[in-house]
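Chain lettering (A, B, C and D) follows the sequence in which the chains are written, and residue indices restart at 1 in each chain.
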């Protein structure tokens, strides 16, 4: 079914009168979706498009994401689909390049007429695809990047950020670190926009939790030489280390730290299994690695154990963070859509905005004030690892309201308020 | 970009020692790789854009062998053989047909080769970053006058020094080295003396590639392996070769160490600009001496 | 005095290629520079045209000091040179090879909008030069398809196209057949009606027939200067040429 | 320690280049030829009304890359300078158009004027530094300069740092009837700029200055000995090429509603080299076919395999060795 593009003027006319989403106080009137018309409507199939990196530097996460997405679609069709409609899933490879991610998202809207978009992308690409959703009036759920400014700044009512913000993770991690190990913290973060956000949030939350930052280290994103920083850590001799690298930087640092015999506990802001596995299983015998995370297979809800067993039986491996995020964030959106009456873009947006309920990892609700999903956080430790599997254990569970900035705290900062 | 408030704290003696130490060890990696590129260019006028991938191929070949045998020496030998083989195959298959053509075509064809090699690594080994465990006898660290130095980096500096000197001696003193250099000067004359010049070219290309491969396997334990490691290093290698003076051996050694040290000091004192330092250094050198610090005037500027 | 050099020297880290050469070229004369291979003839040419900058010494053209001037400026002053190895634009047509030089002469270099076909004077001057130099090849043929002799003529045409004061010819008759050399001699004579000529050549008969004055170089230094008769009889020159076949 | 750097085997300064034996002009009667670009442009434009939404986006992508390729071919194919840093111009264009659209909400014309000025300034800065060298040195230097720009863009807040700069709308235009938000109108704009770029380049290449560029490509030393200050002409060629590359980048930003540091990355410089060599360097229209080949190759191969780049690499090596004149060059060659 080929969807002809409505001109911008028609879309503005349509949404202008629609009462659902009125935008006040936004700097430019770019808030409403424009460009081609929204997706959805028409025949009896509910289409979900996923744009995620399959090739390129992050392709190590691709299997987890694809397997989880396919399982989700099958599960929903087994349960009777969305609003009784069969669910059809489409996924596209973003090749870790913004120009490709944007065109693939646009193609999903133009050629496949998807009713909803989900993304699992890097910081470079996600801004562009969220923009595609906003302009075309297609509800878009991002499952990966935590960059705080993603939704607020663009006042894009069609976008929903499922992953926690850097601030939420920092709050959970800082509280955990200070209780478990003490107040003196050394911060080591990547030197680019997102890295600075991580550092600022952790510093603030560490101080709120009664800790002090003894020293800060910076290295550029692709850094692979941490010897100068390891030396600085030895001098500072902190209680624990706040570490903000996710990619090959994490591998390089953990190897270097192990090599120079530093066994100070490390709190990784984000730890994707395929990446930290790169440091080799022996690293985890000597160094204690923790991470404030939103998902680990060790979460002991009944639905999660069922998901973990089925995932392991189908793929032969335990679901990693990427699989958990992909599955449960899109599941939440599908549950919201199932509860809505109709699949028009604005009906879906209002359904998702107010949805709360249970997903595989337990309690989950979407906040209408800033389109941010909220759910409990966990402090997970790496017990051990073998060549292709990381074994987590949940140390603490932290309820959402303890870590998530409240609505007025956030909306005060946001340029546009979404009623 | 605000400076971290404790920069002053860091400008202490151990900061300088630390900066020098890691700067020289990383610099040695740059020297080894750039020496390979300069060797090929200096003698054959060919710049190999896929030189970074040979660096990566060496690292991955070493990684596979180390996984099988667990012996680091075997891994290094494997890297050398892999590098030499791929380099030789490249010269015979895609560089040789282009000798009579414009040098820019050789650069263009090696750009295609770089794309192929990156994809092949991803197909054969896989896309995710891999660790290269540090061999036991080289792990741990030594305390000297109060400063701790990782033994592996010391090994790196020593090994790098030996390898670079060996290459220089081979080219300037050994019989075969002299024949190769003569072959460049006057191909017909050397051919008439019964040496197969084509074999000399294949050998040079292989040797240059082997040096990149050695650098790759030596650095792997520190930085780990990922398919794009070659693409990231080649840009820095170009800067080293441009600053040192293309085709000049002495230039590569000085420029490689200089940039290694500058970048590591940058990481300590001016982290927000660390990545840009090599490029700023390069622009300064080019404006001052277009042929680079030790480049031969006229080869590339007149 | 059209062109004058005093103590012109060029050292390549240790090797002295040109050793304190004093040259003087009268307006309207034909002067040859001869000497065995490696005597520094081409290096001297490169110093005069600005391709190489001298280690020390001075070059004056029409009385003005051009020692450190760029090649482009020297060409504009009227020094035009052919090369030892044919140095033309191989992939371009004969017409374009010459027209590119004519363009610069008439100052059209920076015109980026008018089509070259729409500038009649360029076309006329180009055809004029083709006849003047006597190129028989098809003007629209690609330069690389020409015979060696025709390529040398094309190079001469490019030099003449710049309408210089001093023409410097680097072995104009090199690799030419007997009667082709004869044609070159006639051409040089006719060129001499308008232009002063400084040439490097090995062909002894050519030199003796053509030159008003001769400068003999050996190991970068001048060992004899004067009319063909004076130079011919000097024993130092015969020594330099070993075996004294220099009559 | 003496330097073992001997003079390379091939005379490095002489950058003679294999180009098309005969331009297309010689093979077609003059009247037809004169209007060929416009006819082709109209045909291309007509396509915009026929194609469904996604193929239209693919065509727009091809046309924008073709503009970039034509601009690049002036420098590479006709002046013989291999730049490995043209992403610097392309990425800058994207940032200029997106920033002026979101933050300043300027109309299209104003944006294009600023893009041209940015192109001139950037070309002069890059040119004055890199044109002091030749051949492979120039290629490596331009690569490093573009990489410096990438590092800066990756950090600055005004460029949106790593997450890039999005816009919700495309700029207004002076003609009320044209609404760039409509992808067909935007495609027509891109085709118009492609035709204009081609005609301007064609005109320059048939002017005396065009012949000076060819002379520099063929034999820079000879051109100097004719009295041309080749540095200035090379800078002129780089500037013209830079300005149109910035224009192409501006369209690319508006096409995606997004500007990212990735557009300044060396892979984008590699892509334009790929396109130009595939299509045929020194043919001016070659890059259009090169862009079509590369974009369609990705479009059809990407769903089939994650390693479609492997095929691009192999095809590229194959073309450089066996068909140095690329698609168009090989077809229009007479022998």
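Operating definition for what follows: a contact is a pair of C-beta atoms (placed from the backbone, for glycine too) under 8 Å apart; a residue touches a chain by one contact, two chains touch by 3 or more.
In this text, all values refer to a predicted model and were calculated from it rather than measured experimentally.
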Most distant chain from chain D by Cα centroid: C
Central chain (distance from its CA mean to the mean of all protein CA atoms): D
Chain pair with the most C-beta contacts: B-D
Distance between chain centroids, defined by C-alpha means - chain A, chain C (Å): 74
Rounded Å distance, chain A centre to chain B centre (Cα mean): 38
Separation of mean Cα positions, chain C and chain B [Å, integer]: 46
Set of chain C residues in contact with two or more other chains: 51
For chain A, residues that touch 2 or more chains besides their own: 55, 59, 191
Multi-chain contact sites of chain B, meaning residues that touch two or more partners: 122, 272, 275, 302
Chain D-touching residues of chain A, taken from the complex the two chains share: 2-5, 7-9, 28, 30-31, 34-36, 54-55, 59, 93, 95, 97-99, 102-103, 106-107, 110-111, 123-128, 130-132, 134-135, 145, 147, 149-150, 154, 156, 191-194, 221
Residue numbers on chain A that touch chain B, as the complex places them: 55-57, 59-60, 191, 215-220, 222-225, 227-229, 231-232, 234-235, 247-248, 251-252, 255-256, 259-261, 274-275, 277-280, 282-283
Residues of chain D defined as touching chain C within the complex: 16-19, 21, 203-204, 206-212, 214-215, 218-219, 221-229, 233, 236
For the chain B and chain A complex, residues of the former touching the latter: 4, 6, 9-10, 14-15, 18-19, 21-22, 25-26, 122, 126-131, 133-134, 139-141, 148, 150, 152-153, 221-224, 226-228, 232, 264, 267-268, 271-272, 274-275
In the complex with chain D, residue positions of chain C that touch it: 49, 51, 70-72, 75-76, 80-81, 83, 87-92, 96, 99-101, 103-105, 108-117, 119, 122, 142, 158, 161-162
